[in-house]
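Given below, in the form of structure tokens, are the structures.
Consider the two complexes below, in which chain A is the common component and chain B and chain C are the respective partners.
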Partner chain A sequence: MSRYLGRRILTGILCIFVALCINFVIIHAAPGNPIRLLVGKDNPNPQMIAELTEKYGLDQPKIVQFGKYVGNLLKGDMGVSIYTNEPVSDMIIDRLAPTAMLALTAAVLAAIIGTALGIFCARRVGTKLDAIMGSVSYLFDSTPSFWLGLMLILIFASTLHVLPTSGMIDMRADNEGFAKVLDIMKHMILPVSALTLTLIPYYFRIARSSIIQVMGEDFITTLRATGMPEKRIFRKYIFRNAILPTITVFGIQMAYLVTGSAIVEIVFSWPGMGSFVMTAITRRDYPLLMGIYLVLSVSVAVMMIVVDVLYSALDPRISHESK
Partner chain B sequence: MKKTRLIALLLSLTMIFTLVTGCAKTEDPSEKPSGGEVAQTDGIKRGGTMVMAQSAEPITLIPNGKPDDNNIILEQNVFNRLLKTNNNQQVILDLATGYDVSEDGLVYTFHLPENVKFHDGQPMTSDDVKFTFEEIIKQGAFASTTLSVIKEITCPDDYTVAFTLNKIDAGFLGNLAYNGTSILPRHVYEGLDWMGKDAMVTPVGTGPFKYSEWNKGVNMIFTRNDNYYLGPDLPYLDKVVISFIPDSNTAMQSFYNGELDVLGIIAPATEYDKLLSSSNIKADKVIYPSRFYVGFNMAEKPYDDINFRLAVAHAIDADDMINKALKNIGMKATEYMSPVYSWAANTDENAKVPKYDLEKAKEYMAKTGLTPDSNGVYLKVTVDTYNYEPFPDMVQVLKDQLAKIGIEVSINMLEYAAWDEKVSVNRDYTMALTGGYQGPEASNLSDRIVTDGYLNFINYSNPEVDRLMQEGGALPTFEQRAVKYKEAQAILAKDVPMVLISEWLGYIPYLSYVKGHPASADAVEKTAFGEFTYCWIDK
Partner chain C sequence: MRLNKTLKIIKENTQLKVGCMMLVILFLAALLAPVIAPHNPNILSDDMVVAPNMKYWLGTDGLGRDILSMILYGARTSLVVGFTAAMIAGIIGTLLGGFAGYFGGRIDGVIGEMINIFMMMPTFFLILIVVALFGSGLFNVMVVIGLTTWVGNAKLMRAQAMSLRQRTFIKSAESIGESRMAILFKHIIPNGIFPIIANTTMGVAGAILTESSLAFLGLGDPNVISWGQIIQNGKSYLVDGWWMCVFAGLAIIFTVITFYLIGDGLNRVLSPKLRNLGKEVRG
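Entry: the complex of A and B
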């Protein structure tokens, strides 16, 4: 197991490095110059442009810039934003927490609701209800989350006035303590709903199909023949076997949550990574963009390893013992 | 049982995250807003909070450092300048109680009030003014280019400051009244790297509001300065909050829903009907010294041919464009100088922008020496423009209009950064539909038309225009300057280096209970753009 883990971690690091190279090439290949965008159009001072270009090393060959970046990274330094001069690591940490709060809540809710609905339908395969649920799941699957978000705002905020349109806190109230927690939860309802509703179909379909698949296995037929109660068969044998794919999907989803919720965050002005990434792109803030993409690559790599390890722990059939 | 446990787990997870992120910052108890319920007889209600949206966050908290469109509210409310520009684009007094100009036009002496205190309680004196401007130039900050004309700053006494210039600069007062010239306390900002690592230092100014807190991605809060030098009555509000809302559709919904008092962002054109017809919304019209125009790359054929440019100029129907693409939020551009600087605009018939006349356009097209193909197409051109409103609609209308004289347009919409690199830097284009600021002073038209102008991507070069624009900026009075600028415009009218279409108009919407908004008739003369000294909430 430990040799397997070591190998996985090494390939993970390699993947992150390859991603880092690709990110660098893509980010720098996009037309536009951060310093020109920074100094604006009102009488920029040419001396200032030259100084800033030199300061951020943008006058050096790309390969040198990349070498320096990787060198600093190995020392744990992600650099500073060209725009705000703040350390990139601090800026990202500031934004990760609200994103995690939103995305984790939505992911957990979607996994629970989606799986529950999937099981519900799997046990009623072929009925009208199953067919309707299937169609509805495709409907939400094909609905863009930002559109759904805007519709939720129109219905619950603009028309019914029961929930706030956007943001994380009520700007006019000075809530503290528990009142603030409640206020934030109230502001979470719509964005979490928008994310959850678009995530549910994945879990729904996976749970439904894997349950149906396991129900058709020979050992289930054997168990039925022994006269074991249907409830017990389901709980002890079907569910345990059928839940494995859901765990994989959950892990993969977790890795993409930061990017997946970006659009919804922008629609709801949620102070997470979403609008942060967008602004960094339009400004061509190279160090910040490299930092954000690095964090995303690392989170994907880590989640993939975690899922693999978890999988072998949950399913004794999959073993990573060295032979 | 299991279900309840799961739900409990979920809820506690949510709570933990909420607590961790939500309660990290606590407010300073010493900053209790005051002046709340003062009984007044003038009908103005004191106190309260005003909320406005902004699409992005500031990149610096030093108003004089890097240019930053997103710290304007901070700049206008936490700080003061010597002079400021009101919403009619006129230069008015800010901190200065008055100024004298020497006979030779080289020495400007400003008089300062004696009761101004910075937010940390220290008095503001002429030494802080001297420090501010010397430091702007030393640090190569935003305003350093326009203020490089300053030769020396002296402080005859604590409340008098004199600027000696290298040469006469008619734009000097306008530049002092523009962004990046806030008076900063020497004892706070000395020795800091404004353009670099200290860009986020906590702001200390003299303005009507104090910087209070910034919750990243959420909001920025300003609280009342109880020691404001125009006080104790001013400002009327206790608190101003900027809510960061990146998406304009969301901001609109938030505004309609009453969560914002002032919209704060540029409303999408599709919302104007609703904004202008709602009884509880006020929307003040503003004309910016910014205009939409078509530029030609005059270094290339056939764009160097005046006949071709005249053909395009006469083929563009500005009224049609304003109606269809700008939803009537526009004003036909008729002179080469922005109407905001009407003293400098040449209104002679022969100095005006060419009028829409399809027959004339066709005649000029025939003179270009180009030959039409079997479909009547003389030329295929690519027009580079931006991918954001209102440019996508405008370029469609342009395409239809130019098709009528046999120019087949293919549209290339680019994100701003990419456009800037292709058109402004590499000049790898043929025609461009663009717009942009030409203020804060009439002289800044130069940037776009003089030979080495920073924004002269049209590659226009006429030594006469260069000379006249230069001379126009070096004369002391408006009358003298206007002569030069008008002459330059007459030459532009002959050369047609660009086709001006419309002035950039905007509406600043806010809920009608907001009084004294800087764009409103009550305050437009006395306040700067985005300055909320006289704002109050009537509800």
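Entry: the complex of A and C
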């Protein structure tokens, strides 16, 4: 177990390093010069350009820049944004909470609803209802989340005027305390629905197929033969065995927590990482982009390892020593 | 006859049957777009933001372009991007997976680690950043999607090659002195390719979704008509011109379902064991 864990962590570190390299190469090989953007088009003062280039170290050899970048990262310094001059790490932390709030709510809701529907259909396998639910899951799986978001805005915000279209809080109301929490919740309904609806099909299909699979196993037949009540067989034996794949998917979903909801965030102007990336891209804010990509890579890598370890702890049948 | 056999398989599997019929419709729409499109999709007419009527079946956009014609031409973009990107991912995945699984040892160690690393990457963000910084030409979009989505194929092919290399016919080919390269390309890959074909079909759907997401974010090729772009432009007219977003989105859903159905159907037909694996989780 500990050997396996060590290997996974090594892979994780390697992955983060590769992400760092890709990050650096892409951003430095890209056409466009941030200094030009900063100085402006109207009066490109050569002295100012030279000074700024020196200040951000863009005149040094690439390898030196890379070394400096990694060195600073190890000290926990991600640099300052070229555009706003604020530390990148502070800017990212500000954006993480709203994203996590949105994505976590959606992931939990989707896991619960999807699994429940999957179990419901698995126990009615072959019926018309099961077939219909299967088709509906295909439909939602094929729906782009941004389009679903727009449709929700069209129906609930623009036509029915019951929910706000965008943002996280009502700027005009200036709510405090409980009223503010309610306000945020109201703003969350539409983006969370868009995310949840597109996530449900995964959980639905996985729960359904794994329950069907476990129900067909020999030991279930044996249990039935002993006369154990069907409810008990289900609760104690089928469910417990069949829920493992769902946990894995939930874990992977957790890993993509910060990245998965980006487009929906943009549709609803949610002040999270998604819209932040777009701003960083249009401003060609190199340090900020590198910081965002790094944070995302690290969070995905760490979560993947956590999921792997948790999973092997949960399911004793998986033995990594034999590999 | 082989064709008859194929047709029989398609007829017997509902998902494949429906999927193939939808695919034919899509191909016809894309191929015949210049013939069947009622208007030129690039002409800016004076009829701006017109609701669906007899002249413009699906209405017009903010610049007076006919939505139906744009959707028909958009099918070309989606199919080209989907197929090219999925093919790139399929070829890279098959080769890397085949090498790793068949040769084993150090090669497998290196490729296996590459697979693990790519599994952990937030690919959509990578695609987003590359396209945003290097330009959003259609070629760039296709290549970047292809280069970042091969992992699933490589894993499948690796597993296939690992199990195939234990089989007698491979052992006998080795014993009569066939070169390992020849065995890989003549026996291992042809015999293990089926799950990759099914997965690549799903990959077409994934690539089409990714392309439309990029176009929706304004990072699509500005010179071609694509469904995501129609939605991006229509977003500002959501209240006064719902038809722009609605129909282009339905076109995306139709196309993606087509490839999901075919991919799923192929999975069931080709390898009943894989039935529960389904499709890879989107990143």
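Odds and ends about this structure:
We take it that the second predicted complex is superposed on the first by the 311 of 323 C-alpha atoms of A that agree within 3 Å, B and C clash if a C-alpha of one lies under 4 Å from a C-alpha of the other, contacts with A are read in each partner's own complex, and residues count from 1 in each chain.
Basically, contacts are C-beta pairs under 8 Å (C-beta built on N, C-alpha and C of every residue); 3 or more make two chains touch, one makes a residue touch a chain.
As the structure is a computational prediction, the values presented were derived from the model and not from experiment.
When the two complexes are overlaid on their common chain A, residue A:266 makes contact with chain B and with chain C alike.
Judged by the touch definition given at the top, the superposed model places A:94 against chain B, while chain C stays out of reach. Contact with neither chain B nor chain C is seen for A:179 once the two complexes are overlaid on the shared chain. Residue contacts after overlaying the shared chain place A:108 against chain B, while chain C stays out of touching range.
Of the two partner chains placed around the shared chain by superposition, chain C is the only one that A:293 touches, whereas chain B remains out of contact. Put chain B and chain C next to each other and count what each touches on chain A; the higher total goes to B.
Shared-chain residue A:158: touches chain B and chain C both. Using the contact criterion defined above for the overlaid structures, shared-chain residue A:167 touches chain B, although it does not reach chain C. Contacts of A:143 after superposition on the shared chain: chain C is touched, whereas chain B is not. In the superposed pair of complexes, A:278 makes contact with chain B and with chain C alike. Chain A residues in contact with chain B (one complex) as well as with chain C (other complex) are 30-32, 150, 153-154, 158, 266, 278, 284.
Chain A meets chain B in the complex at residues 30-33, 36-45, 47-48, 51-52, 55, 80, 83-86, 94-95, 97-98, 100-101, 104-105, 108-109, 112, 150, 153-154, 157-158, 161, 164-169, 171-172, 174, 176-177, 180-181, 184-185, 188, 266-272, 274-276, 278-279, 282-284.
By the touch criterion stated above, chain B contacts chain A in their complex at residues 6, 10, 13-15, 17-23, 26-27, 49, 51, 56-57, 59-60, 66-67, 69, 140-142, 144-146, 179, 195-200, 215-219, 241, 243-247, 249-251, 253-254, 256-257, 259, 415-418, 420-422, 424-425, 436-437, 444, 447, 454-455. Contacts from chain A toward chain C in the complex involve residues 11-12, 14-15, 18-19, 22, 26-27, 30-32, 138-139, 141-144, 146-147, 150-151, 153-154, 158, 202, 205-206, 209-210, 213, 249, 252-253, 255-256, 259-260, 262-263, 266, 277-278, 281, 284, 289, 292-293, 296-297, 300-301, 304.
Chain C makes touch with chain A in their complex at residues 113, 116-117, 119-122, 124-126, 128-130, 132-135, 205, 209, 212-213, 216-217, 228, 231, 235, 238-239, 242, 245-246, 249, 252-253, 256-257, 260-261, 275-276, 278, 281, 283.
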